[in-house]
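Next come two complexes, and both contain subunit A; in the first it sits with subunit B, in the second with subunit C.
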Partner chain A sequence: MKRRGYGMIVLLLLPALLIILAFYVVPAVLTGTMSLTNMDHRLSWNFVGLDNYKAMLQDTILSRVFWNTLLYVFGTLLCFNVTFGLLLALATSYIAERQAERTSMFFRALWLLPRFTPPIVYGVIWLWILDPTRNGLLNGILNFFGGRPVSWISEYPMPVIILTNGVIGASFGMILFYSAITSISKEYTWAAEVDGAGWLQRIRYVTLPLIRWPLMFVTAYQTLSLLTSYEYILIITGGGPFYRTTVWSLYAYNEAFGGYYASYRFGYATALTLVLVLISMVASIIYWRVFRFREMMSEPKIEVI
Partner chain B sequence: MRTMKRVALLVLLAAAALLLAFSFSAAAQEVITIRAWTVGPDTPAFYRAENLITAAERLNHILEVVGADIRVEVDADFWTDEWDSFRRRVILASEEGDPDVVPDILVSSHLDIPVWSSSGWLAPLDDYVQTYWESTYQDFFPHLWESVSFEGKIWGVPQDIEVRMVFYRKDHLRALGWTEDEINDLARKVEEKEFLLADLQALAKEMQAAGLVDYPIVHRPTSGPDFFQFVVAYGGDYYDPETNKLVIDKAALEATLQFFADNVKDGLTPSGMTTWPWPAVHRAIAEEGTAGMQITGGMWFWAEWQRDFGIPEEDLWENLTWSLIPAGSEKGRPNQLGHPLAYMVTSPSHHKDLAFLLITLASEVDLNTRHSLEAAKLAIRRSQTAFPRFLESEYLAEAAKLVPHQIFTAAHPAAGRYATVLHEAIGGVETGALTPTQAVDLVIQRMTQAAGDDLIIR
Partner chain C sequence: MAQLKQEIAHLPRFSPERLRIEARKEQRKARLLTLFIYTFLIVASLPIILGYGWLVLNSFSETLAYGVLPKGWTIKNFRFLWELPSRYYPDLWRTTWNTLLLAVGMTIIMILVATPTAYVISRMKFPGRNMMLAMTLILHSFPGVTLLISLYYVLRSLGLLNSIVGVFLVKAGLMLPLGIWIMKGFFDNISWDVEMSGLVDGATRMQTLYKIILPQVKPGIAAMAIFSFINGWSEYIYVITFIQKKESWTLSSYVNSIIGDFQFIDYGLLSATALFYILPVLLFFIFTQKYLMTVTVGGTKG
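Entry: the complex of A and B
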């Protein structure tokens, strides 16, 4: 009986295991192996030991890339993905509370639009907004008021990539926070109101403590997601000017494929991505410990009706 | 009744016979498909693909006239995205090596020849060129064959060639008090080293002081071989043909980087020039005149400005003039870089003979001339310069005057990488992230990594 039970478990887990094996374990092993080669455009497996990892220590650009990555990830998180997402959720839930559910839904839908837009279209729209000549939207407005055009991307490169990624990223937090806020039992709000709490006090003492888990989950999840995202940066700034917006994942991409005449350093690029995997794992462990996710995953101590 | 039946039977038999004959002839006529991947990325260069299709039509006409049971079909595409994505596509397909995936013909930069031929992806073309030498290829300008040769073999058929230049806004020169004669004399002064890069900077400052422009000097935002022109202008080299090694000429490279750094420091070039989108650069110089000079211009811009930006040619003549890249120092020389594109035949192709025949037909004087006219490119054949339609183009004739000062990129597998690294260094000094000396060190570090022993540092 017991043996049959195990058999069933294995059978049920098999499809998922096969998928993980084919699409995660095998590529991960290949990537790890590739990082020990000096593979270039000829795709030959010439093993060079740890040379690529040693080369990283001598790469003068890499420290700049590391700090860029930190600034980009936490800048986007703090300004948009968590904070702005939370503000949007609070604002739209406030509107919904005031019997204007449709208006609230309209605003939420509006903020979801960038997420539905194909990345290349979204990038091109931003390129037009930030165009350094008078033809750009912002410079057109400046020009109308008699101002000189500004090279937005070159003068504010990091704010540009934080803003462009954040406008998309904020909607993820908004949706999760909004549903968490609206699922808070009304009794808590009424009790706070009876105690004389204003809107801000209700947020501070009722809402925020009760959406603690979604807040921490979004922070952790979006950190990992931002660590590996580079597509909008690639489209809008290409990582420039001179590496000022090159984040780790984009640097790895550029070492493999980027530029007018790419270096096709697949060995070095895969070594870089493996280090990124390590950074992500360290970040996950820190979040797990600091945010005490074990508590979130554990069974509730009281029975929920 | 019986007669009716016989007639019906006869009709049926005749129909069956016709059907059979038709199907036999259809089966007997072999259709060979030749696949070609061609690249712009400038959109007016679409004849790189179209000429191959026309070549197939002409070949099929001949085959039909002589009653041959074979037809050729060309499946050609034309890439207008960036160079890097085109190269990525070729490289990944070539590594796969599947003849059903790899096209028979490629049209790409001559810069790709050292890398692609040494990877075994291209077929050597010496014997083919010899086959059609008398009828076609003896007519090609001889120096073009050097640009498509590597390690003693020919790997490509020159498809086009162009000149690069500095474009100047004539309206701004007029506003500064230049007479028409002075404007027309500028190209000569540059050629005879009476107008150097320092004079170009002084002119830029005048334009700025007069409030004529937002930025007097702009350049291409993306990487390309253009920046080697400045190394030569400052008296340096980037390639040693004797040893077939790349050269880093520290003094000339530092002078080049200092030139770009100074331009930003003086507010002549935006610090983030390397992040500008291409259309913004084109509009600034050709449409709005918010820039005074485009120092990495190419003659094909003339076609792009008309086709993609809708600027009438008479406006271009009215507002723009050009010259070689001026010398930067007494030791340096005015110059311009040519970047030939070439037809190549891939090694996995099952139809190399046919592919080469199509390339030969697509290189006919009339077909290549229509490409020259549409894409604003120079002639590759002597006969083209006497071809009536070619002679009609005043622009081509004027631009061709820069040809004697042409330089080419190095025939070395790491030459393309060198162009990317040089562009990176320019971005570094323009943003102030690196001093010119630090940028030289970066170039040395990167190129040592890319070229290894194939690098001479002076």
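Entry: the complex of A and C
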């Protein structure tokens, strides 16, 4: 009887185990091994020890890439994923509470739409908005007022990638904050209202303290997501002009598959990605300490989610 | 404001008239705030509204005046539906078929693999259970870009480069830990008593799974299916990295090429192909956004 039970368990688990083994565990091990070789498009295993990691120290582009990454991650995080996400959540929850649940829903769905749009289509939309000729939206408007066209992408590459990623990133915070805000029990709000607090005061003294944990969670979680996201940068600027928007993960991608300047430096690129994992780990440890997430885990302090 | 204060200064504190004036004042303030909030939302959403609006309008018009106002309706931008944009392009319908294959393949694997696994982890005790749970979490913290290069190696060794099957296996593999966790949550929510009553009535484990448990986790399966479908349909990075052969292109590679070849020559063609690509997602999105809002939380996009 017992053996038959295990047989069924093994049978049910086998497909998942096989897929995870082939497309997750094996690649993870391979990545570690590859970073010790100078593998290129011929895919030969030529072990070179820690040479790739040493090469990183001498890579002059890498320090630039590092600062780009910091600017991109924290710029997007502070402007959009947290701040703008919070503003959207506050605005839509205000509308849902007082006027129209459906309108609020419409705006939330609207902001969620970019997240589900195929990345290349999202890229097409921004390529049009930022088009350097007057066929684009911004330059079309400038032209209407008699201005000269600006080539946005090559003149302001960093703000462009922060904006384009931020419009997608804001929805994550929006959804989490919205559900946190709407589940704050009404007594708090009423109490504040009776005490004569206006809307802004209510946000400052009631809402924000009560959604402290979601705020910190979004900050930490989205830092890690942003560190490894490069898809939209690849589509919109490709990392250029001249590395000005190349972030760490994109640098690794381009070293391996970029094609146009580096060709298939698999060994070096895997070493780069492993250092990125290390950076993510350090970031999560710092957040864990600074935000005291242990407290969040131990006691149910969040009454809101 | 100051004027209003003066106006009511002479009235006794709780006189009806004074209260009425104060209430009106409050109301006006609230209305102003509402107006402000709507303005903020609308102005902030303009890039999204205009962007997606352009995608539709530009696809059906000859040109746009000042980049925004459509002039002259036409369907010539959609000529790619019956003729090739240039002779270097593969057949559109074959490309669409490939995209569909990727989306459906991924959805089927996710449902067939994640559901039973989540059931076993949620319901049964077996050696290594905790290790497996921990592993799914640890693996999830390994970002896609780290595995991309070794996955290229794996696919090449398996002879799956340039094939849709390879891409959806890889994508399903990367999404599986997340899917298992989500489905486990749904299984955890079904009380033991329901299953127990089935077992007491003489059904086998498998029968209870099929007849009692599965119908109850249908919403979870539906959410995961929709999510996987859209995810697979939209895939960009894995497709352009693992697929070069034109016969295996998906719409991502197709639109990607159109950008390279036609961006400055033929915006109409570009927006029409992009619209064609996004259409199924848009329909799905409109009808199922409630489901999607619950699963987004697990997404990893910046």
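FYI, the second predicted complex is superposed on the first by the 269 of 305 C-alpha atoms of A that agree within 3 Å, B and C clash if a C-alpha of one lies under 4 Å from a C-alpha of the other, contacts with A are read in each partner's own complex, and residues count from 1 in each chain.
Here is the rule we use: a contact is a pair of C-beta atoms (placed from the backbone, for glycine too) under 8 Å apart; a residue touches a chain by one contact, two chains touch by 3 or more.
If you're wondering where the values come from, they're calculated on a predicted model, not measured in any experiment.
Shared-chain residue A:R134: touches subunit B and subunit C both.
Contact comparison for subunit A: of subunit B and subunit C, C touches the greater number of residues.
Shared-chain residue A:G238: touches subunit B; no touch with subunit C. Looking at the shared chain after the overlay, A:L43 reaches both subunit B and subunit C. Legend: residue contacts after superposition of the two complexes on their common chain; A:G258 is shown touching subunit B, with no touch to subunit C. By the touch criterion stated above, A:L30 is placed in contact with subunit C alone, subunit B being left untouched.
Of the two partner chains placed by the overlay, only subunit C lies in contact with A:L13; subunit B stays clear of it. With both structures placed on the common chain, the touch criterion links A:I125 to subunit C but leaves subunit B unconnected.
In the superposed model, A:W199 lies in contact with subunit C only, and not with subunit B.
After overlaying the two complexes on the shared chain, residue contacts for A:V82 are found with neither subunit B nor subunit C.
Common to the subunit B-facing and subunit C-facing surfaces of subunit A are residues 43, 127, 131, 133-136, 257.
On subunit C, the positions that touch subunit A within their shared complex are 33-34, 37-38, 40-41, 44-45, 47-52, 54-55, 58, 64, 66-68, 109, 112-114, 116-117, 119-120, 124, 126, 132, 135-136, 139, 141-154, 156, 169-170, 172-174, 176-177, 180, 205-206, 230, 233-234, 236-237, 241, 251-252, 255-256, 259, 263-264, 267, 270-271, 274, 277-278, 281, 285, 289, 292-293, 296-297, 299-302.
Subunit B makes touch with subunit A in their complex at residues 82-84, 87-88, 91, 95, 111, 115, 119, 214, 222-224, 270-277, 280, 283-284, 288, 290, 416-417, 419-420, 423-424, 427-428, 430-431, 433-434, 442, 445, 449-450.
Note for the complex: subunit A touches subunit B at residues 41-43, 55, 60, 127, 131-136, 148-149, 151, 153-155, 157, 237-238, 240-244, 257-264. Touching subunit C in their complex are the following residues of subunit A: 5-6, 8-9, 12-13, 15-16, 19-20, 22-28, 30-31, 34, 43, 76, 81, 84, 87-88, 91-92, 94-95, 98-99, 107-121, 123-129, 131, 133-137, 139-141, 143-144, 165, 167-169, 171-172, 175-176, 199, 222, 224-232, 234-235, 249, 252-253, 256-257, 266, 269-270, 273-274, 276-277, 280.
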